[in-house]
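Got some structures for you, see below.
One chain, chain A, links the two complexes that follow: it is found with chain B in the first and with chain C in the second.
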Partner chain A sequence: MRQAGTYSGMVISGKTGPHLLPLARIKKIMKKSGEEVKMISGESPIVFSKACELFIKELTQRSWMVTIKGKTRTLSKEDVASAVLATDLFDFLLNLVSQSAPAPLHPKPPN
Partner chain B sequence: MEPMDIVGKSKEDASLPKATMTKIIKEMLPPDVRVARDAQDLLIECCVEFINLISSESNEVCNREDKRTIAPEHVLKALQALGFGEYIEEVYAAYEQHKIETMQDSLKGGKWSNGAEMTEEEAVAEQQRMFAEARARMNGGGVAPKQPDPDPSVES
Partner chain C sequence: MVDEQERLLPIANVGRIMKQILPPSAKVSKEAKQTMQECATEFISFVTGEASDKCRKENRKTVNGDDICWALGALGFDNYAEAIVRYLHKYREAERDKATQNKASCSRSSQDKDEGDSSEDKSDQQPHQQIDVPTPSARV
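This part shows the complex of A and B:
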């Protein structure tokens, strides 16, 4: 049974619509996210794609807020880490960014 | 650099395309701003982690509802549960928009009729209706009167 262009329409049509991110890739990540992931409907990656976009935008924006405090025009890894630390919602990223946290949070070995 | 940097077919290497991610990131920022390369990498990793998180939760939601397939509704509930409720409206709108576009595509294609045969106005009205329905569902605590089949079945 072939779905009416549900997959091929999005990938091939080249629309720069809401689904900028490749759905197959998203599906792959979803599958490896856990041991017993169920089957994934064809449309779920679309929802993910948009959610990811919003997430990245928010994280970028918050990181940028940190950057501009430092009077630099380059968004650095530490800025991203700071944004994560400052946002409760992003607690799930703490482990991921802990290596990039700005200096004060790293106990420096005494000289 | 490790050999793992090469894009492989193994499950471990599932990540998001840098170019696309960079585009999204840059859209958020003033044009003269630079993004350090390692910052970009970190943002991408965060996004993957986000997908993992929402996937796990969606899986749970799906389990609780005794369904075998993770549907967009489960993902939306997961977003809500994890505190990303603000995303839901926009995400749902994008999803509905895609459905409209897909319907239009298949109508243009002319190869198969999905039986809907909606004009564009009707399709937009349908979108509004579905959107309102979803809103009501969200507000009403998730009691859906009926489960609409997400796949336009083409069995004829």
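This part shows the complex of A and C:
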């Protein structure tokens, strides 16, 4: 019987352990991303757990830079939207945050 | 009906990661966490799409860690790619150690799954776990 190691133990027990995000959820999201995504290696959700952590940290940091300019101490969704707008790398998020953007991006109201 | 929250990364986890990078006095609105949840979920879809596209072009069915690293680099997330290549290397080493312990009788690992040429730092690797690589590039 396979001994549960650091990583496989977590997958079996369902705990995140040193991973900050649940691997099963990540796998679900990956599978939903496209029809052509059929099989995912065991290490892929683990890789994404780390990648998402880095992504969240970067976007949070950039958003916070916007927050403190406004002299408040509460990070708002408008701050996140501003950070996305200001960063070319996050262009893929433009549609997602356009409803929260402080300046109107689209003339029509969000449906 | 699928619960909306089921398609996103859990808000508690996302919030925890956000707090790690913010000063202790910082507050985060619930809506900001929700936005971050959606952004992070979209990030996964975006990168996975690129990685699976590569697999399809190469007639491979399984998206693996290397594909994700490649996709991150291709999409401009170069700094993430570097950190994750190291992370993936450590994970594979841990898996290899586990496999070696399970075998017990053989100290030389015969499961050589080195797909990437990313490992430069071998200072923490035990000498008796020397990897047998088919490529001529020196791994000592």
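Note that in this section the second predicted complex is superposed on the first by the 86 of 111 C-alpha atoms of A that agree within 3 Å, B and C clash if a C-alpha of one lies under 4 Å from a C-alpha of the other, contacts with A are read in each partner's own complex, and residues count from 1 in each chain.
The rule is simple: contacts are C-beta pairs under 8 Å (C-beta built on N, C-alpha and C of every residue); 3 or more make two chains touch, one makes a residue touch a chain.
Everything numeric here is computed off the predicted structure, so don't read it as measured data.
After superposition onto chain A, partners chain B and chain C are found to clash with each other.
Of the two partner chains, chain B and chain C are each touched by A:S41. On chain A, the surface patch touched by chain B in one complex and by chain C in the other comprises residues 2-3, 5-6, 20-22, 25-26, 28-30, 32-34, 36-41, 43-44, 46-48, 50-57, 59-61, 63-64, 67, 73-77, 79-81, 84, 88-90, 92-93, 96-97, 100.
Contact residues of chain A toward chain C in the complex are 2-3, 5-8, 16, 20-22, 25-26, 28-30, 32-34, 36-41, 43-44, 46-48, 50-57, 59-61, 63-64, 67, 73-77, 79-81, 84, 88-90, 92-93, 96-97, 100. By the touch criterion stated above, chain C contacts chain A in their complex at residues 6-10, 13-14, 16-18, 20-22, 25-29, 31-32, 34-36, 38-49, 52-53, 56, 61-65, 67-69, 72, 75-77, 79-80, 83-84, 87-88, 91-92, 94-95, 98, 101-102. Partner chain A is touched in their complex by these residues of chain B: 11-12, 14-17, 20-21, 23-25, 27-29, 32-36, 38-39, 42-43, 45-56, 58-59, 62-63, 67-72, 74-76, 79, 83-84, 87, 90-92, 94-95, 97-99, 101-102, 105-106, 109, 112, 114, 150-155.
By the touch rule above, chain A contacts chain B in their complex via residues 1-6, 9-10, 13, 15, 17-22, 25-26, 28-34, 36-44, 46-57, 59-61, 63-64, 67, 73-77, 79-81, 84, 88-90, 92-93, 96-97, 100.
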